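Below: a set of structures, written as structure tokens.
In what follows, subunit A forms one complex with subunit B and a second complex with subunit C.
Moving on, here comes the complex of A and B:
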């Protein structure tokens, strides 16, 4: 292997690693706050990428219908409860978020052909269509079971994952899509080409991570999420509703997923079921961090990206095997070094 | 202490009125037919031995446990499905026995989160409230950047109380504030509870340390095996031979 290939593979690994790191952070966040192992994390990557691809192909993405259906369900579920309790002032925001904005997006797509929109607007519309699915799925699938055991929540996650994969096939078809690169700029680094898109992915991921850091360290809502993760009873006594914390972190997880999908859509061909494998690699990173440590999870995920890249050169047939085998020594080391702690509650 | 001449402060508004409260864990009845009343600016104490149901009582009042009976809080009858968050919004706070601090966060962040619900409903006076809390607990100001998990037992109790006060409560419920603390610190904590009374907040104080609790309270209830066995103005309770025998007697370390 010469330096050129080494750099090329490294570049690839860092790009993928950045995406895995984002997903690992989202997984750790969701688990810490809600105890949900969020297997459908990867589906948001695929939905984000494929929704953007559909918009650019001039099609109405199927996510619109899912958004409308889920939004109406949530509005009905919560609306009935609010009416019964006579809390009418909460009705308008509920309807605007769950029905109004989705209807506006859907209507807008029929009025303005999405192909005429500039790229940033297409990205924004894709995010608007995919991100609200996060809190809606939390409301419908997880919130009624919020106090169930980790195992039950895991089973729900598997169900949500399978449902989203099936719907993905229905919405986007079996063919993969790849969107045009955001930028055509290309540099040369020690004889190896360095794509502008690669730099974009790394910079955007880094900015997102910094943004998340500020959210958690500097804002009261971010602190409330951390507090919920640290001490659920304590957080409830402060008036931080578990449902609010859950919806907030599912919104973040969906946004991270969809944004990651949009970032890598020009680099890899995304199929309706590609998200699962991508999410799983983020999960390996999250496991390296013990589903608890954000920096270790992010570093672990970056390591996964590099390992994947280099192993695809040496033993491409075994690339996935090598990446997922990484989890065994990590688990072994973890089970030997950590003391057994009983699960709370 | 002219107030203690009017033990029940009958002219003050009733903050919490509980009638026939019952709590059961499955078929085991933890509380049976408990009734109590707390008025504005009053300290009411519930004393009793370990396992009498004192903590259960607070958990039920706070909406953490389902309960039967009638609870009227701030003039509103409470339904069967009571939500902790709704009660917090209406000024009820609980300082639990285990303190439930956010251990990996700074003292300052713990305090700020105490005002989370006020922040959420549009109030932006957290910094002034925090200064008031620091005035009450100067120790917390010295330790403001320190992680809550590294505090001493007394400081933890102070932080838990300070965090509860950040919500500007109408009813402050304290579960065993003296638990596991050195006598000097207990004295300090009770002095502060006495000061809090002057601000008009109603205080429900659950204690095993009957002597200290009855000294500071206006009214007291004795809870034994899930039922109120005795009730009365705390001075009368402190003089009651049954209370002296079981809770204040020499050599007793309750």
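Moving on, here comes the complex of A and C:
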């Protein structure tokens, strides 16, 4: 192995690691705020990428129908409650968010053929179609069980994951898709070719991570999320509704997922079930961070990316084994060094 | 009186139902092999519903690419639907799982899986099993032949880290060794891997004259894309597992110039007029595209069609010996399938023998290359 191969592998590892890091952050965020181990995180990656690919192929992506169906369900659930409690003034915003906007999106897709839109608009439409699924899934699947044990929430996650995979196959078909590259530029770095797309992934991930930092440090909503993560009861006493916190963090998680998917769609072929494995590697990163520490989770995810890249060179048949075995020493170390705190019941 | 009449009508109806031929089908229409199973399922719908004046019912179940579900399906079809013959399944593990149940109930089973172990080595069990897809060995010989014709001396392999990749590697290594081809690198990757840079760099460091990618469907595009990206200049070979249009769509200009062996129906229109498979291949392509749109046909559906072709030839003979729904009919059907001779199908010419339940020869494959986003026959 020479320096060039070393560099190329490192570059590959960092690119994948950047995506895993984003997902790891989303997983830590969701777990900290809602105690949900968010297995369907990866599905948002696949949904984001495949929705964009469907738009570029001139098809109406199936996510539109899911959005409409989920939106209507949420509107019905909440609408009935609001009517019973006589809070009529809250009805219009509820309807606009959950039914109006999806309808507008669906209508827009039929009026303006998506292939004619510029790339940035296609990306925006894909995000608009996929991101609202996050809070809607939270409302339908998790909110009624918000105070259940971590195990129950995990079981719900598995169910949501399986449902989304099945719907993904229905919407996008069994075969994968790839979107055209955002940029065709390529550089030479120490004799190794460097694709513009790779830089884009790393820069965009870094920007997103910085953005998240400022969101949590400087904005009221970010602080509310952090407060909920630290102490749910305390935050509630201070007037932060847990449902709002839950929906907000699911929105963020869905946005991060869909955005990661759109970023990697030009580099690799995405299938309806690709997301799970990508999410799982982000999860390994999140575990390294103990599902609590953002910087350690991001670093752990980057480590997963690098490890994956180098092990694919040395022992390609055992790549996944090596990556997932990483979790055992980490768990050992964590269980030896941290005092065990009994799960609240 | 009325009661008696009803009973008589019912009895008449039930005998009529008994006389129908029931064909059980289990395909992998969901799960990892869905891209193979879906065209197969679509093809079953195109098969004739009357053969030799008898009504034929096709009962199609999905096994989700899961051997357990495949076993459950065949038990249900045999136990509840009293099928006379089974078609299925899409993948090798599923077909092997179904084999035991088929043998216990003495029901002929026509598999669409690729691997030769479904019908080889011939034993008491496999007597009941037939297979319409070309054996991997058929295809591997074509690749090795093409390589030696082009003076390739060293070759690298990258394939799926599962039964498909391993099977291909074994088959290819055996034939390559016999033909004095040197395998200089052998790498594996996962179907849904997002990057194969490491494996490709290792392959390129070994400087092979040609690379064989042992993958199926769209995931096989990634290694070729990475090879191009890293500046590999040698020949690139794919397996017949990629012969569908989704592969061309996903691969785009990155997969141009790849060589692969396919069943002749994939390029049926380009075959010379004297090719014996041209007519039967074109028939399937026309029928499928009429139902599902131009360019929708894939080679996998062809295997399901060929199962239908076998049945259309065998059922008239079996009907002479027994009534559908009886043990005698199933036995006669098995014997008729085994004695299939010179039967043109979409993928080749069937010549079954007691020892060969696949029945294809060299006419069942041609080499093609990818040119301007289309399959082009290599002369």
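Simple rule for what comes next: the second predicted complex is superposed on the first by the 344 of 345 C-alpha atoms of A that agree within 3 Å, B and C clash if a C-alpha of one lies under 4 Å from a C-alpha of the other, contacts with A are read in each partner's own complex, and residues count from 1 in each chain.
The rule is simple: a residue touches a chain if its C-beta (ideal position, glycine included) is under 8 Å from a C-beta of that chain, and two chains touch if they have at least 3 such contacts.
Note that this is a predicted model, so its numbers are computed, not measured.
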item	value
First, second, both or neither for A:174, with subunit B first and subunit C second	second
Partner chain(s) touched by A:271 [first = subunit B, second = subunit C, both, neither]	second
First (subunit B), second (subunit C), both or neither touched by A:58	neither
First (subunit B), second (subunit C), both or neither touched by A:93	neither
First (subunit B), second (subunit C), both or neither touched by A:144	neither
First, second, both or neither for A:239, with subunit B first and subunit C second	first
Larger contact residue set on subunit A - subunit B or subunit C	C
Which of subunit B and subunit C A:311 touches, first, second, both or neither	second
Which superposed partner A:224 touches (first subunit B, second subunit C, both, neither)	first
Shared subunit A surface residues [contacts with subunit B and with subunit C]	none
Complex contacts: residues of subunit A adjacent to subunit B	220, 223-224, 226-227, 230-231, 233-241
Parts of subunit B lying in touch with subunit A, wherever the complex brings them together	62, 64, 83-85, 88-89, 93-94, 96, 100-105, 109, 112-114, 116-117, 119-120, 163, 167
Partner subunit C, residues of subunit A touching it in the complex	1, 5, 8-9, 12, 15-16, 19, 166, 169, 173-178, 193, 195, 264, 267-269, 271, 273-274, 277-278, 308-314, 316-317, 319-320
Residues of subunit C defined as touching subunit A within the complex	30, 32, 34-35, 38, 158, 161, 187-190, 192-199, 201-202, 205, 217-219, 221-222, 229-231, 244, 246, 249-250, 252
